[in-house]
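Labels A, B, C and D are assigned to the chains in the order they are written; within every chain, residues are numbered from 1.
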């Protein structure tokens, strides 16, 4: 008997499973934050979560709306200044995983959060890079979670805000002191990983009830599938309960004027 | 009627008088520390004292033996890390006066605390630069206090640990973002100031009962005297009382095993 | 030593048209009251610098205070776009806004370098990013010891820093607690600084290594209770997340925005 | 996560002959107990780095542990020379000691850069000083924005950092309070770290912005009550100024020193 769950829930649960208790994770706001806290509340109770606002090893009871909500600070081991966060903790090599979202991603896992269109005449102006450009290069590896659509999964991003493997898949080759880059992309349809040689993103696992055609339709390039294509394990009742509780607490917390 | 006082006391009182309440003083250990705290306890109650150990705006009740005694931290407004102290507070331009001692000083107020003799075959190995090289260039001006003797006042220092005005008096010329350098040297015999043009140290005031010959005998170069040579005002009873109390408290504090 | 002034007097005396102004506070302690006073005093042609220009800069940009914006992430956190910022960039309303953008790491290092009195910051940054193509202030240097190529950006050394803090003591020493962000750095990097505080107290109650700005490192202090709202002040009040969400509707439309500004800023004077 | 080990085990496992070792603590929290354990285990050929090599390095140098010393101020604070250091430099006893010296500002920046993962530190330093003539690790670079000439030094990235702190909690998070010096930086800059603590407690009792090293940033923790004596630990015990003065007499003579070492180090084992 199968549980009922949404594609979003499938994505969050799958993204959460990528984290383990021995990881030190630099967490982006939004989907990565949801996944990282779900991991902490389920199978990875000792995962270390770090937000760029300076909160080291934080354990928020509700998801933060912003990267610097009071909840993050109050539940942190300690809170440091932003220069220290970026210099000592990220650039200093203490982050095992950077967990990022994005507005656009391309076949080489480059991320665009700057704009759609031309830089000087943007069709849509997005928020910009924030912490991502250096999280992507200074963390030992990068996980990405993002909803799958043709608008998001494009052959070439309009602007490389944050490098995956560059326009040709070779941007990290022979660069000293750089992390491995994106090792997994988790969407609401599937799991993608870079091909070990070309670095092009390849679908390695389809979520339950998702077809190859669903992924092809939602991807802006000729997406490849791994020879050994898995089916992602569906969420457990416990995972869904904890995720739903977390989201309910979060919505209640953010819905009243303080 | 004249009070009795020692040459050391004359030196400390005179050095203390160089400080005013509106100054932010980066304090060296030893004589500068004694003078700076005497200033704080007499005419300059609001002078801000900073020690390189990270103690900002400290008000020790006894003189510290080391630059990082607990007393300094407990009486400070706050205590910061050593990189922050040197980067933000000193190099950042927040120090009006660096107050230094030295082992050797030359006619251009260059200081040597590294060694006597040749660098590779030292006759006497001294402690080294510590904070002084950057205090001397990053503070807006520098006060120096040191006992006067031929061993100390040499024509050319064996090693320029800390620049005054260089070997030729011109080391600060056209250097961007550099302080004015030494503006006064206070000894147990006299007050010296750099000539406005040549930067050579000139005696501007003799302490009471000190003769020109005393200074000439204690100086390793042909020392010049200002046309308008003053006599330093002798210590007041209050200054002497406070200095003696401070030294007595300090000796009592440092004389027992903790 | 810091002067205690009314917010009105502090802004009037220390911020001039054309100044480079940094109003910092990383989500926490955002100086909204000071931003509103700047709007009321109709300051113009400001170069605004801020890592995360959120609502406070959206309001100031919409009110016509800014000529240029230097930033690294411009959005309404967890909600969406800054509509007034976008309208200025995309349509030039109420005036053209020039932008220059960095990454957080570069701006954090640029503030740190500014506080440290240096002309540049060096970081391992911008590798593979297109940002250096559109920001000519990003350069690269070679390490003289290892040959490694590293990014360099100019330090931030503004005319004026504006921050909000929990409290000051009567001598003008300021305590900042919680998410301290970049506030110490911006005050130390700036030529002049205005600090608004929740309250002025006899004793800061600071722990031994607390983030305290000494009075002599601050230009002016103005008491401004709830001066960070709708942002928050740890120990005083929480973030008004609902207002952040409502702002999306207010700012989307020029008229709605102008009405909001009239009712909530122009007709409400600072103390 | 940090391992809890005996000091003996921690030193044995994580410090090898030939390692580059930084034992820090700026006057406060100097890791004497760890230094004595290194002497007892007769570690050799160490490159010792420390801003202010005081008694702890005088003892280790006199005991023959060191091959090279990198420092910025080498003396017995407020007392005088370090006689064992001088004997090694001037007479090669018990073995030749190479020295490389910096200023405090440069070493502080070099530790900061090490913690920040950079290969170099940039500072406005060494202007007019002869130190660059005798230390070939000091170079100068030109700022690409202003053309200003600035000093550059290699960052410090040792094999092992050794510090003493007030306390750790049972998960291995470490609190450092008071004069925090360069301790956080050296631990973050090092490949491995040993932290001795006064005590292990259930709750660190840390304030919100306290200097805390998370367990995952530390290699090993050893409980060593009074482990900083004759230096001090704020909140635990005061500096033993009398011993600092007595050291001058003990260290002046090779025999007296060796007797002291035998009685106070070799015949006293760590827990």
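Rule of thumb we're sticking to: a residue touches a chain if its C-beta (ideal position, glycine included) is under 8 Å from a C-beta of that chain, and two chains touch if they have at least 3 such contacts.
The structure displayed is predicted, hence computed values, not measured ones.
So if I look at the partners of chain B and the partners of chain C, which chains show up in both lists?
Intersection of chain B and chain C contact lists gives D.
I'd like the Å distance between the centres of chain B and chain D, where a centre is the mean of that chain's Cα atoms.
28
What whole-Å value do you get for the distance between chain A and chain D if each is reduced to the mean of its CA atoms?
Whole-Å distance between the two chain centres: 40.
From the C-alpha centre of chain A to that of chain B, how far is it in Å?
57
Which residues belonging to chain C are in contact with no fewer than two other chains?
Residues 112, 117-118, 123-124, 146, 148, 178, 180, 184-185, 208-211, 234 of chain C each touch two or more of the other chains.
At least two other chains touched by the same residue of chain B: list those residues.
Counting only residues that touch two or more other chains, chain B contributes 73, 79-80, 87, 91, 138, 177.
Using the contact definition from the top, classify how the chains connect: line, ring, star, complete or other.
Shape of the chain contacts: other, as it matches none of the listed patterns.
Strictly by the criterion at the top, what is the full list of touching chain pairs?
Inter-chain contacts occur between A-C, A-D, B-C, B-D, C-D.
Which of the residues in chain B end up touching chain D in this complex?
Within the complex, chain B touches chain D at residues 29-30, 52-55, 64-70, 72-74, 79-83, 85-87, 90-91, 110, 114, 119, 122, 125-134, 137-138, 159-163, 166, 171-172, 175-178, 253-258.
Can you tell me which positions in chain B touch chain C when the two form their complex?
Answer in residue numbers: 24, 48, 56-57, 73, 77-80, 87-88, 91-94, 138, 177.
Enumerate the contact residues on chain C facing chain B in the complex.
112, 115-118, 173, 184-185, 188-189, 206, 208-212, 214, 216-217
Chain B touches which residues of chain D in the complex?
26-28, 51-52, 71-75, 77-79, 81, 85-86, 89-90, 101-106, 108-109, 111-112, 123-131, 134, 146, 148, 178-182, 184-185, 211, 232, 234, 237-245
Name, in rising order, each residue of chain D that touches chain C in their complex.
117-120, 122-124, 137, 139, 141, 143-146, 148, 150, 152, 154, 177-178, 180, 207-211, 234
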